[in-house]
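Okay, got some structures for you below.
In what comes next, chain A is part of two complexes: it sits with chain B in the first one and with chain C in the second one.
Our next item is the complex of A and B:
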C-alpha cells in the first residue's frame, strides 16, 4: 500500500504552520554553507548527506502540491511529486541528521535543517515507521517513566550504593534524598547519571551537602529521567506525555526549582519548550540547570577543591542542546577549571562546537554504529585528539555514549564522563577531598 | 513602434509592478500570520538585541562570514553592488538626483563622470562576482550536489541582465534623456518608448526577474528578516 496520500497530506499541512517550517519551505538559496559546517557531511561528502538535499525531500513535495509554480512548472521550479522508491529511504535519510543545529548557526538566513528533519521523522512516526530502537525507548519511557526501564526498587538500590560509595570516599554520610516533599530542589538527571555514570549525581549530592542543603533537595524514585525521545521521533504527543508526569511530580513535591541534571535535550525541553511555551499553564516552580547553580556557588567562593585529584588534561565537549539551544556554555567551563589542573578547550568550542555525531537520538541506535563512528563522529574524534586531553567531559548521556564508543572504535585511551564527576573527585568536604584513586 | 517594444516598454512595466507588489505583500502576510509555538532561539552569533542581530545579518552576513569566507566575499560584494546599482538606476529614471547634486554645486559633466566611474565599476564588479557564484555552483561538489534548474536559471537571468547593462554602459547606444521621458510617461499611462534594442532587451530581462522574484528563492531578500528573527529572538 502506498503512503502517498498520508505523506502529501502531512507535508501540505505545513501551510498552516509552524512559521519556522513554512518559511523553510519557501526560503533556501542552495548556497551550500550548511554542508560546509555539517558534521555528517564532513565525515562523508555523499550527496545524500548534504543537508539541503535532505531538506529538499520534503520541500520539493511541498512545492509540487502547494505552490503555483510547482504545480505548473514542476521540476523547473524545484518541485517533485511523492516517489515510493525514495520514500523507502526516508528512514535512513532522516536518521542520518544529528539535529545539532550547526547548519542554522552558519546559514546566512538561519535556516535550521533539524526542524525539517524532525518533520520528516514525525511523518515516519505517524506511519509507524520510526526505527525500532527509537520506538522501544519511547515506549519504555512512557511505560516506566525512564528510558532505561528501571524500577523504583532498582533506583533505590542504585542510590543506596552511591551513598555507600560516598561514605567510603569521605567517611561521613552524604545523603541522596528520595521522594521528599516540601523541599526546594527536585533533581531530574538523565537516568544514566544514576545507573551508568553515577559520579555526576554524587557530585551534586556533595554540593548540596557542603551547602548545608542536604535536607532540602530530592530525587523521585519513580521519575528520575529527564530524557525524552519524543523530541527525537518528532512525536509531539509522546514528548508532552513523557514530560507531564515530571511537572506534576514537581508540583506534588511542592518544590521551588525543577533542578535539571547534565542532560542537554532534557533541559531544552523543560526550559525552552515546556516552560517558554507554557505547555501546562503557570508553574509554581522555576526550571534551572545544575551547572548554572554550581557555577554561581563557585563564583561566590562557597566551594573549595583539591585540583591535584584531577591532574590529567581535561577537555569539554559542548552538547548541542546545551550550547546552541540553551546558552549553557560558560558554566561547565567554570566548574572544570575550578576542579581540574589542566583544562583545555577544543577548537572550535561553545555554541560553535561540532556535534559528537550521536545527536538527535542517533546515539541510542546500535544498528547505525558504523555510520556514527566513521561518518558523523569523525570530526569530533579529530577535535578531541587535537587537545591532547585524557578525559572528555560532556554534560549529556547521549554524547557520553557516543564519545565512549568513539574512543573504543579509534582505540584511544581517553576517558569519557560528566562535568560534576570531576567536581565529585576533587570537592573538599571538611577540608578533605575523596579518598579514592581507582577511577577508570 | 513595434509590438516587441510596446510589450517591453508599455505593458511589462505595469505587469511587473503589480505582480511584484502583490506577490511580495502576499508572502509577507502569510509569513507574518503563520503561527509559531515555542522558541527557536539559537545562542550563537547573538548581538545585544534581536533587531540589531537581524539587521546585522541582513547588512553584513556575519553568519555566512563565519561559515564560508570565500563565498561571503563574493556574495557580499555581489549584494552590496546590486544595492548600489539599484540606487544608481533611480538616476536613470528621474532627473531629481541630478538637480539635487547640481544644487550642491556639482557640474553636469562631474555628475556624468561620477556616474560613469561608479556605475561602470559596479557593472564590472557585478559581472565578476555573478560569474563567481555561477562557477562555484558548477565546480564545487557540495554546491553542485544541491543545485537544480531554478538555481541556475536565477543566476543566468541575473548575469544576462548585468551583461546587457554593461554593454549599454560600455558601448551600445544609450540615451539618458529618452529613458527619463519613458519613465515619466509610464506614470501618466501614455508610454513613450525608446527605440533602442539593447535597452529594450535589458529592460525586458530585468522585468522578467522582477516578476520571477516572488515565486523564486530570490525572495530571500525579504524572507531573511523572518527566518533570522526566529533564531535570533531573545
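Our next item is the complex of A and C:
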C-alpha cells in the first residue's frame, strides 16, 4: 500500500501552516554549515547524516507540489516527487537527528532543522510508523502518567525511603510532602530523579528544609514525571494530552509556582510552549525551574556548603533543551561552583554546547544504541575526556542515560549524575553536611 | 557463535552465552555458579554474602515469576537496604551489578527500566598506584579493595577471614606509629598463632604478602 497521498498531503499542508516552517522549505543554500556543527555528522560523515540532506527529504517533495519553479523545472529547482523506496528509510533518517538545534545557531539563514525533523517524525507518527521503542514509552506515559510506568504506591514507598535516607544522613526529619493542597510550590521532576537516581530530589528537599519551606511544597503521588515523549514523536495530540493533567493538578493543589525539576524538555514544554503559547488559557501559577531558584538563594548567601565533600573534578554538560531553548546556562554552573572543589568547563559550552547524542528521545531507544555510542555521542565523549573530569553533571534524565551508557561503552571511569546531587552531598544543615555510612 | 570468546564466559567448567553487552542471554542458563563467577568479575572479591544472595534471589524471583525488573528504589525498600549499602554490596551498581549477576539480559533491563542507574559505576575501579614490585606507593592510599586484590594473586579469594583483617589492621597500626614492622615472631605471638598458621593465612609469605596487602612498603 502506498503512502504517497498521505505524505504529500501532510507536506503540502506546510504551506498553510506556521510561516517559519514554510520559510525553512523555501530557503536553504546547501552551504554545508549545518553539517560542520552537527554532532551526528561529526561522528560519521556519511551523506545521510548531513542535516541539510535530511531536511531535503521533505523539502524536495514540498517544492515539487507547492512551488511554481519546482513544478516546472523539477530537479533543476531541487524538487523531486515522492519515492516509495526512499520513504521506507525515513524512519532511520528522522530518528538519527537528536534535535539539538545546534545547526540552527550556526545556519546563516537561521534554519532550524530540528523543526523539520519533528515534522518528518509527525508524518511517520500519523502513518503509525513511529519506532516501537518510542511508541511504547509514549503509551506507558499516557497510561500511567509517567514514562517509567510506576504506580503511586511505588512512588510513596520511594518517598518514604528517601526520607529515611535523609534522616540517616543528617539525623533530623526532612520531609518530602505528597499531595498537599494550598502550598506554594508543586515539584515536577522527571520520574527517574525519584525512582532511579534520587539524589536530585533529596537535594531539593534539603534546600526547601534549609529555607524553612518544608511545609510549603509538594509532589503529586500520581503526576510525578514531567517527561513528555509527544515532543519527540512529533505528535502534538499526545504532547498536550500528557501535559494537561499537570496543569490541572497544579490548579487543584492551588499552587503559586510549578517547580520544574532537572529535566530539559519537560521545562521547555511547560515554560516555552505551554505557558508562552497559552495552551490552556490564563494560568493561576508561574512555571519556574529548580536551578534558577536555587541559584537565587546561593547568590543571596542563604545556603552554606562543605565543598570538601565533592573533591573530584566535576564538569557540566549543558542539556540542549536548557541551554539552547531556555537560556539556563549560568545557573547550574553557579550551583556546581558553590558545591564542588574543582569545577571545569567543557569547550565549547553553553548555547554552543555539543549534544550528548541522545537528544530528541533517542536515548530511550536501545535498538540504536550502537549509533548513539559510535556516531552521535562521539564528540561528547571527546569533550568530556578533554576536561579530565571524574563526574559529569547533567540536568536531564535523557542526557544522564546516554552519558552513563557512553561511559560504559568507552570504559571510562567517570560518574554521571545531576546538579542537585552534588548539592545534596555538600549542603550544610545546622552546620553539618550529610554523613554517609561507609559499609566497607 | 560457540567459539566467540566475547560472547561466552566460563565459570567452574560451565560455559554461559552472553549478549553483546556482556549480560547473560538467554537468561535461563542462570545458576549459582554463574552468579559467583560474575560477582568476582564485577568487583565483589570477598564472595557473595547472605545480603548479596537476598537481593539476587529477590531479583530472580521478580524476573522469573513476575517478569519484571523493579526500580532500584523499590528493590531497596523491599529488601530494607540503604542506597549506600547497596553501593558497597555491588560496586558496579544496581543494573550493571546486581541485575547482571542475577542473570537478567540487557535488552530486558533496558526495556523495563527506561532510566538506568549510573551513579556507582565509577566506584568499582579505584586506582592504586604501586611501585614496580607491586607495593603500594602511598601508605595512606590503602583500602580494603587493595588488600583483596593482593590476596587474590595468592589464590585467597572470597575467604578472607577475621584473622586476615585483624593482622592487616595490626600491621598498619604498628607501621603508622613506629615506621617499621614487627618481627614475624612478635606478630604471631600477638595473634596467638604459629608460623604454619601464618603461612596458611598468607601463602606468599610475611613481608611479600601480608605486609604488601597491608599497604606497607617493602622491608628487604
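Here is the rule we use: the second predicted complex is superposed on the first by the 436 of 440 C-alpha atoms of A that agree within 3 Å, B and C clash if a C-alpha of one lies under 4 Å from a C-alpha of the other, contacts with A are read in each partner's own complex, and residues count from 1 in each chain.
To be clear about the criterion, a contact is a pair of C-beta atoms (placed from the backbone, for glycine too) under 8 Å apart; a residue touches a chain by one contact, two chains touch by 3 or more.
From a predicted model like this one, the values you see are computed outputs, not experimental measurements.
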| item | value |
| --- | --- |
| When chain B and chain C are modelled together on chain A, clash or fit | fit |
| Which of chain B and chain C A:37 touches, first, second, both or neither | first |
| Touched partner set for A:120, first chain B, second chain C, both or neither | neither |
| Touched partner set for A:68, first chain B, second chain C, both or neither | first |
| Touching partner for A:226 - first (chain B), second (chain C), both, neither | neither |
| Touched partner set for A:99, first chain B, second chain C, both or neither | neither |
| Which of chain B and chain C A:261 touches, first, second, both or neither | neither |
| Chain B versus chain C as contact partner of A:29, first or second or both or neither | first |
| Touching partner for A:324 - first (chain B), second (chain C), both, neither | first |
| Angle at chain A between chain B and chain C, C-alpha centres, nearest 10 degrees | 130 |
| Smallest separation of CA atoms, chain C relative to chain B, angstrom | 28 |
| Residues of chain C touching chain A in the complex | 71-74, 76-77, 82-85, 88-89, 96, 106-107, 110-111, 113-122, 125, 127, 143-145 |
| Contact set on chain B toward chain A in their complex | 27, 30-31, 34-45, 57, 61, 63-64, 66-68, 71, 75, 140-143, 145-151, 153, 215-217, 219-220, 223-224, 226-228, 230-232 |
| Touch list for chain A against partner chain B, complex | 16-20, 22-24, 26-33, 35-37, 41, 45, 47, 50, 52-53, 56, 67-69, 75-78, 101, 104-112, 115, 272-273, 276-277, 323-327, 329, 350-352 |
| Contact set on chain A toward chain C in their complex | 133, 136-137, 147-148, 150, 154, 157-158, 160-162, 165, 168, 190-192, 194-199, 364, 366, 390-391, 397, 400-401, 403-405, 407-408, 413-417, 421, 436-440 |
